[in-house]
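Got a structure for you, written out below as structure tokens; questions coming shortly.
Should a chain be cited, it is by its letter among A, B, C and D, assigned in written order, with residues numbered from 1 in that chain.
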Amino acid sequence: MILPQASSVAANVDDLFNALLALCTLVVVGVFTVMIVFCVKYRRGTAAERTPPRQHLGVELTWTLVPFVLFMGIFGWSVHLWIKLRTPPKDAAPVYVVAKQWMWKVQHPGGQREIDQLHVPVGQPIRLMMTSQDVIHSFYVPAFRVKQDVLPDRYTQLWFTATKAGTYHLFCAEFCGTDHSRMRGRVVAMAAGDYARWLQAHAGVGLAAQGRALFRQLGCSGCHDPRAGVHAPDLDDLYGRTVPLADGSQALADERYLHDAILLPKKQIAAGYEPIMPSFEGRIGEEDVLALVAYLKTRGTQTENDDEHR
Amino acid sequence: MNARLHPVPEQFDDPVQQREAATLGMWAFLATEILFFGVLFAGYTLCRVRFPDAFAAGSRHTDMLLGTIETAVLLTSSCAVALSVREVQLGGRQLATALLGITAALGASFLVMHGFEYYAEYREGLIPAVHWTQQGVYAKGMEIFYCLYYFITLFHSLHVSIGVVLLIVMAWRTWHRAYDARYHTPLELTALYWHLVDIVWIFVYPLIYLVGRAG
Amino acid sequence: MNTPAARPQRSHGSGPRPPSLGGNLWTLLALLVLLGLSAGSALLELGVFNTVANLGIAVAKALLVLTIFMRLKTDNALLRIVASAGFAWLAVMIALALADVLTRAPLLAPW
Amino acid sequence: MSTVERPAPPRSYLEEGFGLRSWLTTHDHKRIAILYGIGITAFFFLGGLAAALVRLELVTPAGDLVSAETYNKAFTFHGVVMVWFFLIPSIPATLGNFLLPLMIGARDVAFPRLNLFSWYLYIVGGLFTLACLLLGGIDTGWTFYTPFSTMFSNSHVMLAVVGVFIVGFSSIFTGLNFIVTVHTLRAPGMTWMRLPLFVWAMYAVALVMILATPVLAMTLSLIALERLFGVGIFDPALGGDPVLFQHFFWFYSHPAVYIMILPAMGVVSELITHGARRRIFGYQFMVWAIIGIAVVGFLVWGHHMFVAGQSMYASIVFSILSFIIAVPSAIKVFNWTATLYKGDISFDAPMLYALGFVGLFMLGGLTGLFLAATALDVNLTDTYFVVAHFHYIMVGGAVMAYLGGVHYWWPKITGRLYSEAWARFAAILMFFGFNLTFFPQYILGWEGMPRRYHEYLPQYQVWNVLSSAGATILGVSYLLPLLYLGWSLRRGARAGANPWDATGLEWQTPSPPPLHNFAQTPTVTEGPYAYRQ
């Protein structure tokens, strides 16, 4: 088998595959043998005994129930593995993936950005948070035996732990238009030390710092600065707070709230403020929203003061 | 014209078999109709569980009074066509024709009322892609609600229109003695079709007009 | 085995016995009352029971139309099976698709 | 049962009129079957040409023969044409139309005019699809996934969608006709448990056709409107859910797979009993298996969506249901095998096709288990493994059975005998060509080659070359029947009423049958396949 087993689940998947393959081969060989024996023995003109056999309920039930039990066994094994495949370990490190026709854009929490490449450390569970800017794509690394469709306007996740250093193919597996077959990349699994060095060499500006730059660039500070003349909510220490809303309800200012407040400001309006903020949907990419939210999470009175002293 | 002029087609043994086949065929067709509309209802259900508030907001923009009257009109028309089949079976021609005429008229009035609804919605800016002016928190979910609203009601109105035409043809033929107590299968089938159109509306009514009305 | 057709000719079939005039009119009355109930209940604050009541009433109305107006009560049993098949298949479609939408782990925000 | 010699056979349905008009306005189910036969044969070779282009392109890893755009359009056209214009109508609309009334002792289907109307719908739908091809084609894949098909594709999606929409009605009306025909027009004595399995299969297929096809039609309408107006319920920009489209699409398209394979199972049951000259083993189990497949087939569609963003729990439910539906398929294979036991087996061409079917169907069905197993499907879905799997079922299964059926009933349909030697040669060649084409694709899939790839990694080339070589052989073996069957129309020996000495009402009437099938309505006194040895 050419396909390497390079993730923590690959061997488990292959075990199930091989077991099922063995079972199926057994069935195929068995049935074919019986068919061939019958075909030879009872071919026209032989002197075989041909009194019509009786119909046996027992025979029918046997070959109904035995396959059923076997199938249920395979099903149970498969589900056990499936739940493992779909449940990321708690300590998995997040990496963000944004797919678009026809490239993979990857963003590490440290701000490192890559296109059509993904560097990961060996032995560390990685959790990919993926979304698409246009059509449905699918993130597929055969060597890891993992695949997950990447949908527009929604996040899907995928996790794996690379077990062998090396470079592996990354494919888009869901047909996504003209250059679908060129939407390929590589996943580079590196020993922990090498990975740390790689991170350092490619350290861009951290996500939060990128967000702070964007916050100015996009003109957010023009309204949300306490000294600005516009009556806009103060964002200091917003993260984790409970925000009273205009319709009388309350909302917890978690990441999702911040994310939606930027893209869909009119969805949940803070009490006491006019709904005057423009929507940034379609104006900034998903990766910029990520950066802005990362910045807002760090933005407390403390950091803001530091900012001013500088 | 009467039943003697309707020879049993070659593939059937006798009129009983022919009627059985026609009725079963119609019911099989109605089963496909249920699934035709069913896709839209399934789409409605799955979208509504994702945007319950937006659907309620969208529903509040529909005209509940007109919707209720439309439902009553269709229910009455269903009864009228059922009575007209009964009348033909009992040999009454004039009353049967009149009842069919009433059914068709009720169907047409349903279409007219719906036309008014569409016009009001156009003025309110509630037609996605054509004239949509809604803003606010629920605008997007409402747009999905209204997409479904138009798919469902237009597809239903298409069925009502076909039904009205069929009913007029049936009325004309009943008047001209095409059907009598012994042979009236086309009339029966038209009535079945009309009842199904009614049943679809029975479900459209609460799903489109009655969401989020309380309070 | 080619013996002559064994099936006797039957005369024109007129289908199930027509329901009585009163039966039809009472059904209409019941339908209109149910319509009123459904509109009225929608205006009361019942929470999820608004939807339950509305759909329950709709099912009742549909059953009335099916059994009385469409004569499923008196007609061939096969027709009842065909009609229920349509609704059953629709129920399957909605139920299994809902099984997905309702059990999806919300993952709207990537953190 | 025995053949009845008639001194002066009545005029056959082929002699009822010779002009084009007599064909295009016919209400005779047998002539309509032939009209369908001509249509699906034309579409089969058109779709085959598209497949040839795909296989040629894939001989080399680089995308050097045609552009990516052309390649995408080729596989889309191949899929659309083969699924809706060949496979779905293939056995039901040709063999089914021809044989269903004959097998139950009826003079025609219940609604002959509707039957002709279905054929016209099929042709009109086909013309839209051809127009789509001539104007530049469509590049969405036959699955029309949103939002690519609604918002992003720049090809003629509308024309293809309208074509498929129209042809959907054709199959709804065919299904409706079959259901009513089986219920009302059975000859005296033809009880349900005496129906040939082919009739049972047609009945089950008709059920699937009328209950699933409307869902496709409406879903495609939603796609068309969304494309036309730029808004719709699948639109992610509104918060709409593209996965919802997939639910609706597969609610039709998975049962559609059973529309393709159930008739094939029906045909093979006829062919194997004929070849082994035995009653089918376990008739009742075979019947229940057919019904079980048709019904449970509606409950498994989500196995196409394990990695599509469907919830983990829903996937588990769909997975177990998919395993369950494998049981009736297994029952059928075992019963066919057991039918050979103590038989009197002859290996004429129809029997060879049938045995080939059983072999290929097993390989296709068993690999379905890999795809039903969620954890394995993650790796295998959207790779060539899936492509190989469904070609084993639909081409290895359905097409083999269709051709076997065409050979078996050819004397009945045309009144002529074909060259047995050529027919056996074609059947054997087809079996080998098929395996050479598609078995390598299983390996490609397991090694991770995604489907619908215009260019691929060099490491996959060996298997792709083998597959393309096999496709050449397969192509030749598909052309052969066209030649020798065509030749038999003019030069073939006359067939008697019952050249196979087979049971079944269709063999009790002259070949080709007269306009209304039977001089007198037959009376049935025993179950099917009552072969005496």
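Quick note on the criterion: contacts are C-beta pairs under 8 Å (C-beta built on N, C-alpha and C of every residue); 3 or more make two chains touch, one makes a residue touch a chain.
What you see is a predicted model, and the numbers here were worked out from it, not measured in a lab.
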| item | value |
| --- | --- |
| Centrality ranking, top chain (CA atoms only) | D |
| B-D or A-B, whichever has more C-beta pairs in contact | B-D |
| Centroid spacing, where centroids are CA-atom means, of subunit A and subunit D in whole angstrom | 37 |
| Whole-Å gap between the CA centroids of subunit A and subunit B | 45 |
| CA centroid of subunit C to CA centroid of subunit D, Å | 34 |
| Subunit B, residues touching no fewer than two other chains | 13, 17, 20, 24, 28, 31-33, 35, 38-39, 42, 46, 50 |
| Residues of subunit A touching at least two other chains | 154, 156 |
| Residues within subunit C bordering two or more other chains | 5, 7, 78, 85-86, 89, 93, 97, 101-102 |
| In the complex with subunit B, residue positions of subunit C that touch it | 5, 7, 9-15, 18-19, 21, 24-25, 27-28, 31-32, 35, 38-39, 42-46, 50-51, 54-55, 57-58, 61-62, 65-66, 68-70, 75-76, 78-79, 82-83, 85-87, 89-90, 93-94, 97-98, 101-102 |
| Parts of subunit B lying in touch with subunit D, wherever the complex brings them together | 9-13, 17, 20-21, 24-25, 28-29, 31-33, 35-36, 38-40, 42-43, 46-47, 50-51, 128-130, 132, 140-141, 143-144, 147-148, 151 |
| Subunit C contact footprint on subunit D (complex, rising order) | 1-2, 4, 183, 188-189, 207, 211, 215, 241, 243-244, 247, 251, 298-299, 301-302, 305, 309-314, 317-318, 508, 518-525 |
| Subunit A partner contacts - residues on subunit D that touch it in the complex | 63, 68-69, 72, 139-141, 145, 147-148, 151-153, 236-237, 239, 241-243, 276, 278-279, 281-283, 285, 307-309, 312, 315-316, 319-320, 323-324, 326-327, 330-331, 333-335, 337-338, 340-347, 355, 358-359, 362-363, 366-367, 369-370, 372-376, 378-379, 381-383, 446-448, 450-457, 459, 533 |
| Residue numbers on subunit B that touch subunit C, as the complex places them | 3, 13-17, 19-20, 23-24, 27-28, 30-35, 38-39, 41-42, 45-46, 49-50, 64, 68, 71-72, 75-76, 78-79, 81-83, 85-86, 89-90, 181-184, 188, 191-192, 195-196, 198-199, 202-203, 205-207, 210-211, 213-215 |
